[in-house]
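Two complexes come next, and they have one chain in common, chain A, joined by chain B in the first and chain C in the second.
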Partner chain A sequence: MFNAIVSADTLQATLDSVSVLVDECKIHLEEDGLEIRAVDPANVGMVDLRLDAAAFESYETDGGLIGVNLSRLEDIAGMADAGQLVHLDLDEETRKLHISIDGLEYTLALIDPDSIRQEPDLPDLDLSANIVIEGKDIDRSVTAADMVSDHIALGVDATEELFYVDAEGDTDDVHLELTRDDLIDLTPGDAHSLFSLDYLKNMNKAIPKDAEVEMELGEEFPVKMHFSFAEGQGRVTYMLAPRIQSE
Partner chain B sequence: MQLDEFIEGFEEDEAAQRRRLAAEKSYAITDHLEDVEQQFEAAVQGDSLFGSTAPEIFVGRSGYPNVSTGLLSPVDTDAAAAGFATSGDWYQEGLGIEDVLQRRTGMVNSTQTTSVDSVSAGGGRGGGGVHDVWNGFVGVQREVAIADHPVDVEVGLDGTPEMDVSFDDVGTPTGPRAHATDADLAENPHVPRPVEKTLSDDDWRAEGAMAYLYRRGFDVYDINTILSAGALGQASERSLVPTRWSITAVDDTVGQYVRGTLRNADTIDKPELWYNEYMGNRYWVVLAPGRWEFELVEMKAPQSVWNPRPETGYYMSSAHEGYEGRTAYVEETAGAYYAARLGILEHLQERDKQAKCLVLREITDDYWAPVGVWQVREGVRNAFDGEPGTAQSFRETLTAIADQLPVTLGQLRRKSELVAGLQSQLSDF
Partner chain C sequence: MGNADLRSLAALSDVSFDDLGGSVVAVDAHNWLYRYLTTTVKFTSESKYTTSDGEEVANLIGVVQGLPKFFEHDLTPVFVFDGAVTDLKDDEVEKRREQREKYESELEAAREAGDSTRVAKLDSRTQRLTDTIVDTTRDLLELLDVPIVDAPAEGEGQASVMARRGDVDYVGTEDYDALLFGAPMTLRQITSKGDPELMDFAATLERHDLSWEQLVDAAILMGTDFNEGISGIGPKTAVKDLHEHGDLYAVLEARGEHIDHADRIRDLFLDPAVTDDYEIPDSIEPDIDAARAFVTEQWEVDADEVARGFERIDDSVVQTGLDRWA
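So, the complex of A and B:
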């Protein structure tokens, strides 16, 4: 059983955070909220999302697992105006999700969860640097780097106590340094890793510009980015594997 | 001005320049063209009725969708026509640039201008229930395209051919061109069964039909001609496809099919270096363990063909794809990207392995006239003879070849995704 009412904004933000990486996902319906974990087909980017029951207008479930086609569900959610409510009701018999938005009824066929790529384990990483940065600074870095290159280096200089971004293109370069004062917080430790902009651009799309993003970085290690949405009742962790320069 | 128009204009200027260069570089070719002219006069009987054997067709792209479409046939009617068609055999026979130009300029391209939609009687796309056209000039051309050997034809020509050579960066050069008034088959051509099957099934998507022909042992050269003649694919989509586009489409489609078969293959265990040299092109192929990733980096010598800025030295271009392939057409390296990728994928398929693959192509000054991307395809396909050089790491391999390359590793790193860094997986940590 699953029956919930949620604002269109919250639903859209949830779906967008996942659809930047995958087309289909499993949604775990837990008593205290939704959980989604997914990895892209190349096993390079991962999302771990949680939306508390408190983020919903009403939320009732006795647990369960459903598989959804994200772009379909996004299209339907996109029919609602900001602030409108979306009613979700799972029909266990037919394995269909009934969605209603202000009188508009949509019945969504679900996907067999077993046919969806297995959910990854969350690697336990010991990352040396921790940065808390505004979403808009990530956006600025990614947008500028994309003008010159297809990849971007993120690093921390522990001695100078600063976070930096580097992008090298055919002829042009981009460099950005943010000191402790420019950041919300910094726990220094030497770190430097190179990432594909294709992935980072997609993740950036889903990061609110006004969000506080906690970033964990290491030396040629995956980056982890944590942020909240839906007034703190939704939480996303992205993890992205680096391009290895040393091998 | 629209960017594509701008580029189109640029390409034409370049083509004219290359033609001049080719003329300067090889008087042999211009001499050869004179011989061809004489042979042509001898071959034409009565009122410009030209009996010959056509191994191949050509579909132009300028003026699309109204294009020049033609039958290519050797002017020397005693010559073995099959050897004039572009194929991997040319590599095995060790043909040089001049040999290719001689063969190609020894064929007359008898052309008519027609709409690409003329292959279906309903007059075009979305016509619904239309039937393939097998009469008239286009019909004869399509028969030649699907036959498994060169076909005897008689072509009525309007005037004498223009003695010229046309170059393209993707297609093989073409020689003298004449306007055809009509064409007739002088025999009943034999069509292989798998081709009949793809031809008759007009619900079969072109991609699937191409992969089927490839699995049945047809090389991309054959498939390209069949696609170009609009002889496969869903009924509403069938049309003449300009040769240049068709070559790239087939390399891309067949490559995607082969890549799909390797999605779950094991990876190679250690880095490998392979090398080949053909027609003034040098190929370093570096394979590294890991999931599929591919990149072509081209380094064009100042006096080689297609270097747009000789004054600034070596000109570099590159294109890259990750495990899931590309969604956009390559902006740099064009057809060479898909041709090189196919060569590598075929090798990996033989071993049932996947790898990260970097192809470094140096185009030296000795590559003085473009012969088409078949040269890239065969250069890479044949790079895998004997034993590879092996090293402990990808980077060590690059350092080892650094001295041979015309650019520094620093320049290469700025241009190449793979040299900048190899994509790892989350499960590696």
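So, the complex of A and C:
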């Protein structure tokens, strides 16, 4: 059983955070909220999302697992105006999700969860540097780097106590430094890793500009980015594997 | 050069470099060099790539700046050089030479007038592939362990046949003629930043319901490097006429038109002169130090101009998967 009412913006933010990496996902219906974990087909980017029951207008379930086509569900959610409520009701018999928005009824066929790529384990990494940065500064870094290159280096200079971004193109370069004062918080440790902008650009799309993003970085290690949405009742962790020197 | 009308027929889509990792690309060397020469010259002052003997070797900067793109995306490039100019192409070559001479005299005038913007612009257009440029490019590629193939005729035809045989995964060229040579998958815009454009041969034929021969016939009607097209025939008309009449000869007959050497032009695309004499290595092991000495000492290129490129070739990186850290 699953019966819930949620605001369209919260639903859209949830779906967008996941759809930047995958087309289909499993949604775990837990008594205290939803959980989604997915990795892209190339196994490079991962998302781990939790939306508390408190983020919903009403939320009832006795647990379960459903598989959804994200772009289909995003299209439906897009039919609602920002403040409108979306009513979700799972029909266990037919394995369909009934969605109603202000009189509009949509019946969404669900996907067999077993046919969806297996959920990844969240690697337990000991990352040396921790930065808390505004979403808009990530956006600025990614946008500038994208003008010159396909890759972006993120790093922390522990001695100078600063976070930096580097992108090197065929002819042009981008460099950005943010000191402790420019950041919300900084726990210094030497870190430098190179990432694909294709992935980071997509993740950036889902990060609210006014979000406080906690970034964990290491030396040639994956980056982890944590942020909240839905007034703190939704939480996302992105993890992205680095590009490293070939042997 | 390719026929821009062909672009409107071609099935094109963007593809991410990340999805191409591990592939082998047969690069049309002349086409690629030309692109890099025009951009290098645009951004760099002449003194940085002219030897004390006055020999221009901007191509060396182009090669050092252009190759990292392949290595960083885990692509193996195979450079295919043109052989003899096909005699039918003489007209086109002649036309380009005339154009260049025109630019050169304009360039002279701009220099005298001290118009530096105009000079830079014209300078890039007057770049030609001199023997020195071709020879030094080949020497540098050899030092960098990049395989070279010598086509008996058109490099693009050779590259396309290698792709048809499955010896390489993609042809790399800006030229739409690769479609006419039947290259299954062609990567365009491999010299520019951002995603390359993928040109799909089978999808192109399917989209217009044409056979390969008919696609070549359509191109001949529109005009190729080897013939002037029939006036008034663009892509739409060419496809429509071929659907209606079947082949080039029937279309020409119905219109009361004639194209010289039509048979030979067709064969140039459908059955180009190619060689089997090539090898695709499993891995590439560049000798960076030797290459750097060749470029900066032997050919006196400003070391700063190529420092970045060599560093990037040396530091080629590959995308890892998250499972590596699980």
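What to note about this one:
The rule is short, and it goes like this: the second predicted complex is superposed on the first by the 245 of 247 C-alpha atoms of A that agree within 3 Å, B and C clash if a C-alpha of one lies under 4 Å from a C-alpha of the other, contacts with A are read in each partner's own complex, and residues count from 1 in each chain.
Here is the rule we use: a contact is a pair of C-beta atoms (placed from the backbone, for glycine too) under 8 Å apart; a residue touches a chain by one contact, two chains touch by 3 or more.
Only a predicted model underlies this, so the values are computations on that prediction, with no experimental measurement involved.
Aligning the two structures on chain A places chain B and chain C in a clash. Once the two complexes are overlaid on the shared chain, A:E231 sits clear of chain B and of chain C alike. Judged by the touch definition given at the top, the superposed model places A:E168 against both chain B and chain C. By the document's definition of touching, both partners, chain B and chain C, reach A:V44.
Once the two complexes are overlaid on the shared chain, A:D198 sits against chain B and chain C alike. Of the two partner chains placed by the overlay, neither chain B nor chain C lies in contact with A:D181. When the two structures are aligned on the shared chain, A:P222 is found in touch with chain B and with chain C. Judged by the touch definition given at the top, the superposed model places A:I244 against both chain B and chain C.
Taking the listed stretches 42-50, 114-122, 258-266 or 294-302 of chain C in turn, the superposition on chain A shows a clash with chain B for 258-266 alone. 39, 42-46, 120, 123, 125, 150-151, 168-171, 194, 196, 198, 221-222, 239, 241-246 are the residues of chain A that lie in the contact sets of both chain B and chain C, per the superposition on chain A. Chain B contributes residues 288, 291, 316, 320, 322-324, 393-395, 413-415, 417, 420-429 to its touches with chain A in the complex.
Within the complex formed with chain A, the chain C residues making contact are 16-18, 39, 43, 65-66, 69, 72, 74, 193-194, 308, 312, 315-326. By the touch criterion given at the top, residues 39-46, 120, 123, 125, 150-151, 168-171, 194, 196, 198, 221-222, 239, 241-247 of chain A touch chain B in their complex.
Of all the residues in chain A, the ones that touch chain C in their complex are 39, 42-46, 120-121, 123, 125, 148-151, 168-171, 194, 196, 198, 221-222, 239, 241-246.
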